[in-house]
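After this come two complexes, each holding chain A, first together with chain B and then together with chain C.
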Partner chain A sequence: MGMRKVAVVGAGMTKFVRRAQETGKELAWQASRMALGSCELTLDDIEAICLGTAPDSFDGVHMKAEYLSDGAGGWGKPFMRSYVGGGTGVFAPIQGWYHVASGLFDVVLVVCEEKMSSYHPHAQGAFLTIFDHTTERALKPNLLWIFALEMNRYMQTYGISKEDIARVAVKNKRNAADHPCALLGDPDITIQDVLNSEVLAWPVNRLDVSPVSDGAVALVLAAEHVAKRVTDKPVWIQGVGWSLDTAYWANRDLAYPRYVEYAARMAYEMAGIKEPRKEIHIVEPYDPFDYKELHHLEGLLLADRGQAPRLTADGVTARDGDMPVCPSGGLLGVGNPIAAAGLMKVAELFWQLRGEASARQVPGQPKRGLAQAWGDLMQVGTVVILGINP
Partner chain B sequence: MDERVGIIGVGWAGYRPLTPEVSYKELMYEAAVKAYADAGVDPRRDVDSFVTVAEDFIEGTSIFDEYVPDQIGGVLKPVHTIGGDGLHGLATGVMLILTGQAEIVVVEGHSKASNVLTLPHIVAYAQDPILNRPLGWHSSFIAGMEMNRYLFDTGTTIEECGSVVVKNRRNALRNPLAAYGADLDLEEALDGPPLAWPLGERMAAEHADGAIVVVLASAERAEALCEKPVWVLGVGWCNGAASLESREWTYPVYIEAAARQAYRQAGIRQPRLAIDFAEIDDTYAYKELQHMEALGLCRPGEAGALVEEGATEPEGELPVNVSGGSLGMGDLLDANGLARALEAVLQLRGEAGPRQLEEVEIGLVQSWRGVPTTSGAVAVLAN
Partner chain C sequence: MTEKITQFPGTPLREADFEGGKILFRHDRMKAEYAWDTGIAIGRYLAALKEGYLLGGYCATCRKTVIPPRTVCEWCFRPMEAFVPLEDTGTVNTYSLCYVTWDVKRIKEPEIPAVIEIDGASPLHGILHKLGEVEQEAVHVGMRVQAVWKPAEEREGAITDILYFKPIEGGAK
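Then we have the complex of A and B:
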């Protein structure tokens, strides 16, 4: 096909922290500057900006993207914000991809920023208003409850134990100990630590969840002719996919994320992948809760339904396993500034595929990786596949 | 653009100041069903991707994206939200098609402004939370300051701004969609207490509810599916300075940049000659003048006189806002740009009824996201 090829040529990332001293604009600026610096470009080389950031209510700013625009470099340039809730972090590079693949732009900056600590008393409050105003909000549900429902359903359907799931948190928090930007790296954490942490909403314990954080991540995307000039190690966007399920989540079987499968199939088709389990070498699925990593591996067709916990127990998903999953440390280990956390996964693939992940580097010269995020009302899947071949 | 993208279907619901009998979902559904019927497409079978434009605070829902797919036929399909105006959404649809990965894309925008009890307060939450919000400014105050600066720098008069109000609300009388049609004389247009001097009460658009859906298709599919596709010749969008303190108040440079991008794609060098009619933002009457200048339809400072002379009347040399604009149709929030695109499509198809312009081939549409943004988008459409 005559489709324009798009590469990631630079990446930057702030530390993920609980309470950043910087404003959201400043976080966005720091990540953008690092991304530009990493490929020796300046803002003048950037033709358009794509911004990802989750609910306006975190910052209490209406049209938050307009407020953040100058921090992200969107001053005197085409600037747009895309938004699919928690899936935004992996959607923003898809937005960058279509900016370049359309032929309208050659070089774009993708910036994801999140500052959740400004919300008082706790950013979970922002999620009280994500529910249907008539049928659900009156019941005052919160995110932890509905994810507890989903986790429970997943455990019941396949007979999965809490130990099986806690193993994911242990793996990811240990992986994150090698990430210089991580908030929650812990090389010594054990399954017992996770199981003994406080119950937030059964079966979710505190260490099953990634906490709210502040941070920003940026990528530079370029068309083929520019990418080859800027770097000798471009990492190509081989496939993208996204899918949004009904808002009536209570009508769905929560045991399986069908929307993730649809998004993955779209990306696999575009990337020409027939056997994902053989052709994907690194996976960065969305893991705001430890069970979600398992759930998503199944949705991505990288594990049989109900079998993802076995892959974890057998060490297949360890950093030196056959299919490393969340070698970055994921959201459980690095932190969860929502949109930034999703883009962190794509940045991790970029560094891993270039062999620049230092202590986190997975062995065996990986050629292709997949990043995925999830969001809205347990409803949207976003998938990006990166590889070293165009 | 190397490849053309066509508009093969349009649908709408509204526009009215109050719509107590329908929810925003029903407005979206009505507009979508009409658009799909107009395009002859089945959203479940034919549409590859859906784009909606919305802002959480206006919707009263964090993560409004959740509530989009069901009523537009997008469940388990690629759907995403753009936090922008409808024309940003249109540009997104165009880009998706130009990648070659999508052939038919649906773009949706809506307003249920009447649901928002404290709209001025919500909109004021767009101001910088640290530097501006503590000052307690109403959005109209910022608009009034900008208008004052514009009048001072260009010599434009309050009366010239008033004639924009007269023209647009009179035009709206011939538009069955418009909520605020009125036959005013200049004195009446200038009447009433100022919102923030020199911005008068009738120089600011009042809100309306409504929804617009546009179906876009690749050139190949457009020609196969549609007898009279309207072609998107160019799209452009741009942000200027984010802060009030660092912006250019007289001249919207970001609109000029957005227009330049769209004109370049469309191969237009002399917009004044190439464009047959314009549907541009008039959230405030002076904005129509500012935007005409930034769009290159006249020189800076000339727009007021052109309007007063009647050059932008429906029968003038360059009809501007034949639809009635936001002053006449109502401010549809982020659906404004799509309302303008809809008008341009109807004009270019020859389906604009009593307000149909004669022999029009190229229409210009433009939007602005309102105070305090410097965010605007432009599209050039042709039949």
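Then we have the complex of A and C:
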């Protein structure tokens, strides 16, 4: 398609915490500095900045990107914010990718930041305006409703139990125990702990949900000629895809995320992947709720419809399984500062594929991984495929 | 995260840090008021609710009946000009028993939000509403329900003109 090859050459992240002393711009700067330092570049080498951050309402700041721009190194450079709800963290690197692939820039810094703790009394309130103002908000819905409704539909359609789904939370929170930035890592958590946690909106219990968090992640993307100079272990962006479904969410099949399938097919085609189940070695699907990991594995065509729970039960998705899923610990374990959480998944693939994931390292020298995020009104899918071959 | 890095930035705070005055912060409450125009299609939908019935939209090209109605078909991008009255009965597509409010306060008696597929609309086409006059244990996917309306003189042309949906006997139409 006449596009240049683009590699990830550096990554950095802050701890994910319930409430950080640092402001959003301070967190963004910390992650950016670490990403630049990891590939021994400075801001002078960066030609453009892509910033990802979720709703302005979290911060109560209009033009949040401009507010965050100094922490993201954005002054005096082409600077642009992307925002597709929860899908933002995997969309921002796609935006960075086309900045470089197009030939417009050689080196781009991608920064994702979220500070959810500012909204009071609870960040959930910031989401109330996602519902239609006339036909839905009058019913006084809250955010948990749509997830509980979707999870129940998924369970009923395929006969999936809460226990099947709780296994995902257990796996991810255990994986997160090995992540130095994790908020909710727990090596000893059990299925019973999840099933016995408080019911918030049946079938959603407290431990089925990822926590509200503050944090930031940054990546450095470079064109081939720069990437090869900067590092001998570039990790290449092999495919990207994104797709949006209808905003009339009660008018669609809640048991299957077809928008994720469309995004995945776009990315697979670009990466030349014919048999994703054999060719993807690590998966980091979006897991703000435990059922979403399963839902997304099916949408990504990595499991048959209704069969993803089977993979989890059989240990296929464990860190040392045939297809490790969320070896980072995911949003359920590491935390869910919305945009930063999505980019954390791409950063995890970068570290995993370079063999630098320490205690979280997936065995067997994985060659290719897929990160996916999801958001807006349960309607957007964003996918990035990374690999060690250009 | 390379093996070389052991210290990560970010300083976690606790509730006690605020209560103890160790951390300064500024608290403010923002006020925002809006009056949303209903538009063409939703305006018709609300007018129908005031009359006591549900209104859908029909696309002759896609042969789909959707609810709420809209002026453009998302599938073929042609105008969706036919408004069609639908039944006020339907089938529970999915539901939840919600024990928390928007600000995560606990409530004893759960609210029961549901997606209800409306009779006369295309398969899997429903609306968000709530269930009532039903025991928690009895609620199930596939349950047949009917709208419980406010008295005609109290209706104002809003989705809340339907108080909730309650279970009824009988199969899908």
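Definition applied: the second predicted complex is superposed on the first by the 388 of 390 C-alpha atoms of A that agree within 3 Å, B and C clash if a C-alpha of one lies under 4 Å from a C-alpha of the other, contacts with A are read in each partner's own complex, and residues count from 1 in each chain.
In the analysis below, a residue touches a chain if its C-beta (ideal position, glycine included) is under 8 Å from a C-beta of that chain, and two chains touch if they have at least 3 such contacts.
Note that the structure is a prediction, hence the values are computed from the model and not measured.
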Exercise for review: Using the superposition on chain A described above, determine whether A:E298 touches chain B (first), chain C (second), both, or neither.
Suggested key: neither
Practice item. Check the residue A:M63 against both partner chains and state whether it touches chain B (first), chain C (second), both, or neither. Key: first
**Study point:** First (chain B), second (chain C), both or neither touched by A:F91
**Key:** first
Review point. Touch check for A:P180: first (chain B), second (chain C), both, or neither?
Key: second
Exercise for review: With the two complexes superposed on chain A, say which partner A:L254 touches: chain B (first), chain C (second), both, or neither.
Suggested key: second
Point to revise | Contacts of A:D164 with chain B and chain C, given as first, second, both or neither | key: neither
Exercise for review: Pick one for A:D208: touches chain B only (first), chain C only (second), both, or neither.
Suggested key: neither
Review point. Should A:L139 be classified as contacting the first partner (chain B), the second (chain C), both, or neither?
Key: second
Review point. Which partner does A:E22 reach: the first (chain B), the second (chain C), both, or neither?
Key: second
Review point. If you lay the two complexes on top of each other, which residues of chain A touch chain B in one and chain C in the other?
Key: 60, 133, 246, 248
Check your understanding: Touching chain C in the complex: which residues of chain A?
Key -> 11, 13-22, 27, 30-31, 34, 38, 60, 120-122, 124-125, 128, 131, 133-136, 138-145, 148-150, 152-153, 156, 180-181, 199-204, 214-215, 246, 248, 250-254, 347, 351, 354, 356-358
Practice item. Could you pull out which chain C residues touch chain A in their complex? Key: 1-3, 5-6, 8-14, 23, 27-28, 30, 34, 36, 38, 42, 45-46, 66-68, 70, 74, 93-104, 110, 113-115, 124-130, 141, 158-160
Exercise for review: Sort out for me which residues of chain A touch chain B in the complex.
Suggested key: 1-4, 23, 54-57, 59-71, 74-85, 91, 95, 97-99, 101-104, 126-127, 129-130, 132-133, 240-248, 258-259, 262-263, 266, 270, 375-377, 379-380
Review point. Tell me, which parts of chain B touch chain A in their complex?
Key: 1-3, 55-58, 60-63, 65-70, 74-84, 88, 91-92, 94-101, 122-126, 128-130, 235-243, 253-254, 257-258, 261, 265, 369, 372-373, 375
